[in-house]
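In what follows, subunit A forms one complex with subunit B and a second complex with subunit C.
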Partner chain A sequence: MSKRRPYVRPMAGWWRKNPFFVEYMIHEGTALFVAAYALILLTGLVYLAHGEAAWNVWLEGLKNPWYIAFHWLALAAMCYHTYTWFKIMPRTMPPVIVGGKRLPDFAITGSGLAVAVTASLAMFGLVWGMAR
Partner chain B sequence: MSENQRIIEIEVLRYHPEKDKAPYQQVFQVPFTDDMSVLQGVQYIKDYLDGSLSFRWSCRMAICGSCGMMINGEPSLSCETFLRDYYPARVRVEALAHFPIERDLVINMEGFIEKLESIQPYIIPKEPRTLAQGEYLQTPAQLGAYEQFSSCINCMLCYAACPQFGLNSEFVGPAAMALLHRYNVDSRDGGKAERMELVNSEEGVFNCTAVGYCSEVCPKHVDPANAVNQNKTNSAADYFMRFLTPKGGAK
Partner chain C sequence: MKRPLKRSNAPIFWALFGAGGMLSALLGPILVFITGLAVPLGMLLPADTMSYANMQAFAQNIIGKGFIFAIIALFLWHAAHRIFHSLHDIGIHAGIVAKLICYGGAMVATLITAYELLAIGF
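Showing the complex of A and B:
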């Protein structure tokens, strides 16, 4: 009879055991803010469908300091999410060959972040222009 | 031993299948010098303090991939991790995470060996080739497409770094998937369609959630996370091809 009795260690609390996993859980967790923000916008759409008066009620509601605080929190979470998203991007795509050489990771991450910042600023400018 | 010898505490996770119900910690006082690796520390324990301590090792120079352990919770090759970097704190040594412990620092790697077999880690020629046709020729670019993924030494650190493998041991996992990719992108190989069956399967690439720690711990800079994630794209392409071609992505 075999004397072997391989011991399988439990996985409970695995993500707390390594700082890398904690960081991973935080950046995955920031996705919840994206979902929450989508729900807020959807609610706005429902109010809009009920006419101008309802829409204005929703707009007034947004001026609640708790809502404004949440917006700042969501913005911070989104910024962190964007950063970690592009940080892992070189790992998720085929190698980019430029002039016979492989594009280094920081160039991929950097251009991703640059595009994200440019697109955000353009969108902000557009909405700002429309609102005035 | 030289004069500048110091004593470091090494805490080892012990497990004897015939005696112990569960693993337990045991601390050893180990004299060390600046040039001593964690592996040498563990060897000192076996030679002078407790001969029953079991662990795997061979080359001592990060080539063979035998001596992988969790060192202070990080998957590392113990031969290229140095005691001086932890002193005066204690070093915690444990068998590679996510694998069953056979005894002390020795893990059961049968599952991994089966996975290596399952990916058909050899060139499957596109068409039969005679000796008279001579050797295959490759351009440096064709070599570059797979070279990095061929550096794997099967040390399994990436599996110890992968929580998804820890939660579901059926997952083909980083190293085997990197090797699968190495053959699929080799210009001499024609076995991609066969290997894609595994990539697309329940055990395949979609178990990965892009944690990315596998590539961080790889001692050979293979970047298994890249191989796995490129094959998510390949798998999606394989799926949608079925709508465009008569027989589709499936065989």
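Showing the complex of A and C:
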């Protein structure tokens, strides 16, 4: 019996044809940076548990230009993740009814972004205060 | 005769995805900036912000421990879920093997995080 080779519709690059899907792939792709950053932190934690000498090796390693470049990219990806996370939120959470009217999308996205900015400033202030 | 519906484990993964997504949306950018840019480049923050003494004290503190654990574990569960559900889009079959690699990886990393935090002591 000859082997059949059924036709499989090629799907390489399907998302590049439509800007909507390009954006979708970019915002899904931020997960790669979230994972990579978490793994860098985990590595740091392992080094920290191994004592001061090990920790300093890890800390010095962060000054490597490749790591710096990665963190600039990761910062951009994280900011984009924050933006899309709250942009999608009106569709991922149950509708909020205020005074018999549905809360508009921009109010949900806007308050999400405002909370993110506040949390970031508070975090930075906390670290700055503790380190001083 | 009606058999009870088989319970799905999907809500657990969705919840972890949502928690990690929210945490990384709120604090991801500033954490990347602090640990990856401000401290290594010596901008804005004191040079010894992430010194061994400071970080050990932080990791020994119960609140610090919880924070480190939540950040690393939830970021990874978020990413694992999102990557798993994007595999099909880039032409990789999202079967049991892919599931084991994605969620299994997050689980292993979570256990390592917990182990190291306990190893650092209180």
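Quick note on the criterion: the second predicted complex is superposed on the first by the 120 of 132 C-alpha atoms of A that agree within 3 Å, B and C clash if a C-alpha of one lies under 4 Å from a C-alpha of the other, contacts with A are read in each partner's own complex, and residues count from 1 in each chain.
Criterion: a residue touches a chain if its C-beta (ideal position, glycine included) is under 8 Å from a C-beta of that chain, and two chains touch if they have at least 3 such contacts.
Note that this is a predicted model, so its numbers are computed, not measured.
In the superposition on chain A, A:M11 makes contact with both subunit B and subunit C.
Looking at the shared chain after the overlay, A:F20 reaches subunit B, while subunit C stays out of its contact range. In the superposed model, A:K3 makes contact with subunit B only, not with subunit C.
Of the two partner chains, subunit C is the only one that A:A119 touches; subunit B does not reach it. The wider contact with subunit A, measured as residues touched, comes from C rather than the other of subunit B and subunit C. In the superposition on chain A, contact is made by A:R91 with subunit B only, not with subunit C.
Once the two complexes are overlaid on chain A, the subunit A residues touched by subunit B in the first and by subunit C in the second are 11, 15, 28. Those residues of subunit B that touch subunit A in the shared complex are 15, 17-18, 22-23, 73-74, 97-98, 100-102, 108, 141, 144-145, 163, 166-167, 209-213, 215-216, 223, 225-226, 229-230, 232-233. Contacts from subunit C toward subunit A in the complex involve residues 20-22, 24-37, 39-41, 44-46, 48-50, 52, 54-56, 59, 68, 71-72, 75-76, 78-80, 82-83, 85-86, 89, 91, 109, 112-113, 116-117, 119-120.
Residues of subunit A that touch subunit B in their complex: 3-9, 11, 14-15, 17-18, 20-21, 24, 28, 88, 90-95, 97, 100, 102. Residue ranges on subunit A touching subunit C, taken from their complex, read 11-12, 15, 25, 28-29, 31-32, 34-35, 37-42, 44-46, 48-49, 52, 55-56, 59, 62-63, 67-68, 70-72, 74-75, 78-79, 81-82, 85-86, 112, 115-116, 119-121, 123-124, 127-128, 130-132.
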